[in-house]
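Following are the structures in question.
Same chain, two partners: chain A is paired with chain B first, then with chain C.
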Partner chain A sequence: MQPDTFVAADTAHYIDQFAQLDKGLPGVDVAWFDDQRKKYLARFSKIGFPTQRDEDWRYTPLRLITSKNFNVVAKPDCNVDLTPFKIPALDSYQIVFVDGHLHQKQSTLDLDKGITVRSLAEVLTNTPDLVEKYFGSVVENDSHGFTALNGALNKDGVVIKIEPGVQIEKPIELIFLSQTEMAISQPRNLIIVGKNSKAQFIDRYISNSTAHTLTNSTTEIIVEQRAEIDYYIIQTQSSSAYQVCGVWVKQAAGSRFSCRTITLGGGLVRNDLRVDLNGPEAHCDMLGVYSLSGKQHVDNHTTMIHQAENCTSNELYKGVLEQRSRAVFHGRIKVAAGAQKTDAQQTNNTLLLSRDAEIDTKPQLEIYADDVKCSHGATIGQLNEDSLFYLRTRGIDEADARTLLTYAFVNEVLNQIDIEPLRDALEKTLSSQLIHET
Partner chain B sequence: MASTEQEIASLVQRDYKEGFITDIDADTLPPGLDEDVIRIISAKKEEPEFLLEWRLSAYRHWLGMKSPEWPHLNYPPVEFQEISYYSAPKQQQLLGSLDEVDPKLLETYEKLGIPIDEQKMLAGVKVAVDAVFDSVSVVTTFKKTLSESGVIFCPLSEALKDHPELVKQYLGSVVPSGDNYYAALNSAVFSEGSFVYIPKGVRCPMELSTYFRINAMNTGQFERTLIIADEDSYVSYLEGCTAPQRDENQLHAAVVELIALNGAEIKYSTIQNWYPGDENGKGGIYNFVTKRGACRGENAKISWTQVETGSAITWKYPSVLLEGDNSIGEFYSVALTNNYQQADTGTKMVHIGKNTKSTIISKGISAGHGQNSYRGLVKVVKGAENARNYSQCDSLLMGDKCGAHTFPYMEVKNPTAIVEHEATTSRIGEDQLFYCRQRGLSEEDAISMIVNGFCKDVFRELPMEFAVEAQKLLGISLEGSVG
Partner chain C sequence: MLTIKNLHVSVEGKSILNGINLEVGAGEVHAIMGPNGSGKSTLANALAGRDNHEVTSGSVQYRGQNLLEMAPEIRAREGLFLAFQYPVEIPGVTNLYLLKASINAILKHRGEEELDAVTFLKLIKEKAALVEMKQELLYRAVNEGFSGGEKKRNEILQMALLEPYLSVLDETDSGLDIDALKIVAHGINTLRSKDRAMIVVTHYQRLLDYIVPDFVHVLAEGRIIRSGDKSLALELENKGYSWIENAA
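Up next is the complex of A and B:
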């Protein structure tokens, strides 16, 4: 609980980068976009990076990020082989970003009718008016310094628009690869899903080396009436890679948004996920798994805002902490005045498997309406000795028994992944991580 | 459902019966706070030098601190220079018996229903009372009976004279003078409080109780309670509070320190019924209190039970530091906010020793425009093997203009810990009401029964007489609410 004594980070470095890049950043000729950029820069200069004095960051020391000067990569090396990262048997539309830049050759931008996938830089050059009313409409304006930094220094991102009534069979896979030493990638994404449409997205954050990198993404998602979205965030970067991942969602009446955040890698990962249920009878699922070892640190910060009547939400995060890893869970449910008949549930369960691991969990309910059913629960514990004993009596050795039980613990979330090849791949990765030594 | 809503409205509306003012000559310091004021308070109390120094260092520390802004509360800043820090009813010499107490004061306590006349007490319901009126203790009952078993129960100022070594050893040892903004303020200006010492192996023969009354205008009450339970002793301590009905906000910033040594048990119960302000949120007490107990020895146990129905604003977190191995901490709370009352209350359980256990049961009820927050911390430090915590925080909402919030924190650094937290928020179910009505209960009885049932887990932790009072307070006069 000791506040971080590290003095304000080197924000100057990034302000310098902005000065150097200014004319080279996309959308420089688009007045409203450039305006937004400058506002974000001003905000970043003012507030800088968060510190542990900020209530929302009290358990996450940022020294690893703020003590380094990451650089915007001018031209990424595109001779990269993505085969090792492929999810076997997964049939998807792939869009690939390398160090924050769209990789044209590896990306499928030409999708079926009714689906537009374009790079942000290209949209801003050719048809900026198309996105004007959406851009910055979902993300919180008073969010932390990382969001401001992304707003100021983003180089590219993806803009996806799905017309009303379109149902996409194949998932859209967004791959964000960080590979250059000291590179900062700041994708800025916008996804609009029209009425009655249906789509699946898989955001994958990967890194292919021991390079120190920072990925600081902001994704805004607009879910129109009765649209249905399955959204996956899969984080498997190496432990020298750091990530701040912001996903901001607005849901209209009758829509469904299911988010599954699976964190299996990354040295320091912070996820901000905020969903506003703005129309009646909308439903949101937030599921998450984190399995950490070494000195990994993951901070899941979720916000569920019930603004309208008759909405339901369900949140379940499960985590396994080994070695010196540390996890933070901060789940906030807010039910605004007038959001009657709300049903909101939230659960966080963590297995603490090592003497040196730490969990800090902070579920939070803020309720301003009376006809509601809200609950949250949190547990922190170990594997059940009786279950272990039972397995041992069946001839399973202790290490296997532990792996089996740990796996069963997180499987409650994993088995809710509907895309089979993805689930298989995650199960495999997870099983290999959960090999226990006794 | 219209009738139900009326029902709830009438249920939560009630007069504040304790809102009268006692007209008595008082020796009151003019408003304002500086080092001289602290010197005057210390001189009036004829305190030893070490305490004055302690007060002054707390004051200097306080000057450099900021009022906490993190609670989920909304109120204008407190003007510390407009408060008088000392007020005492005038009386000449030390009192030998109850006959010498100003009849007006006796009348006040009689009106409040506080038993300070030993003879008039019912046999079997023995409670020793320390009655604190503004800044001084008026009377402490049953002192003789208690001293026979070696129990010391007296005003803190008296303890300073008779047992300075005990006070010096323990005062500020659980809540240091610079602990937080209001604790620092209290350390600088505290004027009275109760002191309890239970010797080794003694089970205190009766319940001990302090009754706090704010009477004078524009005063703050800053009492400081210190309870020490020596090895293998037991004490149950009750605390009650009321204040007159006034339009200004009055400040009450108390500090309570509990110390339980090897095998000792302290049970601390509070019924807080400070004036809550009127139905428009005007007036009422700001109740900013620091309460903390330390289980210093093995197998020690500290249990907090609180029923918080009064105060315009409540800010308090009775906590337990579980230092000794096998020690136990408990927190049972019912907090009611009605009209424009706001409460941000909860507990901290810090697991330090091995095999420590803590239980937290919190029930919040919000009505009118009330805002009720639970805020709690369960912390398991690295060496705290086999720590166990169970927390349950339920909120009941009555009406669509109130709010109920839960902010639990869990920090665990030991893999042998088991920590569980549950929280629910709901209103009185229509089906629950229907079921009761169908069994022939009137609507008001049904609501009162459901509310009492909701709080049962906490009420049953209260000593008998207090439980009855608490139910009455909460059950909230139902007479004539059905037409």
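Up next is the complex of A and C:
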């Protein structure tokens, strides 16, 4: 490894940005919020960005991010045409952020009774009490420098609160667009879903095709008792865009949280997904698909914490790597001492379609209870030659046969997407992406 | 239809077929028998174009063309069909999808119009009825979780749909119960015509009771050591292979 890989990036640029923006950042007048912000800033100044010396970042080409100075966009250009990014036939409540700022005109904030959707900046101005109890209650305080940077420099985000017993018919679609050259967007989101409520969320990260951008998001999700959530993270940024995405979830008793992380784009994508199963009989699905080519890199770090008894979790990540792309899967399962009758499964399967592609996969099980069922497995392979030959003997040409088999491989996850227009759109994007070097 | 001359095939550096000569005319049914490991499947796979089956010498003419120069998919589109001894399971690809992709690839190759969804569905249901295959299997992933017999029946369903000129059936009778054997044989016989030919690899006379062959060949150690008419199969049934192997 090159020695300069280890040089920590200059944090001064971002501390500088903070000094310039300070009074312009939302929540300056809200004592508890401002206090948090300053603590995050202090932490970021102290620890800076992670380096490849950190075990959790060993394979991540962080220099792509840390060698550049990204800038907070003061006022976004909202003359943006979102039509090309629309998912055909998807009927959703749409909330749009451009370079980290809410795009008022493109967003639906007045939803039905029992559903609050507001921008964080606006909540902090008008009713900060609404979020005080929740804000910062899920995210780990000692997380890495990107989380600290988000805490210090976030400009906006979405606050969604769903009252108990509410079922939302349409998905809530959160669109985060990065479009300005060298822009850093740091959405800070908070989602609270009340008891017995049901909702679907689609987080989409998109960018224009050429700008170098960094999106560094932190989302906290509180799932109350018996609430049910489908949560989609759809990453289709261009390869000049980088993304660090932190999602922190706390589940109460009897709740269900199903997360699907689909990474089809982005030059460098780092996902940290942590779920705490805090009440008994909670269930979590963590599914993921990554399909990369060129020199793309994706890092999926997942943490499943079983704190209570009788909880189940099921994790399945499937990836397809072409050309010189690279992926990291690090799946951690922790079963706390009291969490008897835990059932936790984890699987990571990757297809390497080129000799230059690479996957680093690492499960990590920490089990402190004795009556548990835990398993993990990882496979790395190529397309099955017997299957390929079989399809060809049925008249299907080699390139199509390869696409079909590759597609079939990830379909195990994709066919679990219940929102049909979303599944169709992803299928289309994915099929068009599968390049085959034969 | 098919002329194989002095065919030598190696798999992973090991020579398995050592000079096969075989002439199959239109309208004919040829049975190939022979002990385990004698090279029957290797011959079938080499005809279908398996790329690790290296042809070291010899030639194969198929319907006036050099078969050995064609990619497996072109052979299929030109009307050659292999029913596998061990059909593979392909999770994530539905049977119906494969069948449709397959027939349309062949129609397109022939310059004919591809089938729309409705026409295709009607056709496939007809063919499924012919081989008495449960419709439910059409909607499952290709061969995934199929019983041994269901897999074989699925091969015959594909054959019935694609209507090949030359069918190579590699132990399609193995693993079939008596009723299934009759149904499969019926499916195969339906396709028999003066324009089509079949090579049927089998270990048992019982299939040949239903599909009566014009010729029977015995393969041993990569060579055809004896050819005859249907009575040869009966004789083998009684005497075993050692009878010819010792004579050869």
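Operating definition for what follows: the second predicted complex is superposed on the first by the 431 of 438 C-alpha atoms of A that agree within 3 Å, B and C clash if a C-alpha of one lies under 4 Å from a C-alpha of the other, contacts with A are read in each partner's own complex, and residues count from 1 in each chain.
Here is the rule we use: a residue touches a chain if its C-beta (ideal position, glycine included) is under 8 Å from a C-beta of that chain, and two chains touch if they have at least 3 such contacts.
Keep in mind it's a predicted model, so treat the numbers as computed, not measured.
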Could you look at A:Gly246 and tell me whether it touches chain B, chain C, both or neither (first, second, both, neither)? neither
Chain B versus chain C as contact partner of A:Gly136, first or second or both or neither: neither
First (chain B), second (chain C), both or neither: which does A:Asp397 touch? second
Touched partner set for A:His376, first chain B, second chain C, both or neither: first
Return first, second, both or neither, reflecting whether A:Phe389 touches chain B, chain C, both chains, or no partner chain. second
Is it chain B or chain C that touches the larger share of residues in chain A? B
Regarding the shared-chain residue A:Leu405, is it in contact with chain B (first), chain C (second), both, or neither? second
Shared contact residues on chain A - chain B and chain C: none
Residues of chain B defined as touching chain A within the complex: 70, 72, 379, 382, 395, 397-427
Which part of chain A faces chain C closely enough to touch in the complex? 384-387, 389-398, 400-401, 404-405, 407-409, 411-412
Can you list the residues on chain A that touch chain B in the complex? 1, 55, 59, 337-338, 340, 352-355, 357-382
Listed in rising order, chain C residues that touch chain A in their complex are 48-52, 71-73, 75-77, 81-82, 84, 87-88, 90-93, 98, 101-102, 105-106, 109, 141, 158, 162
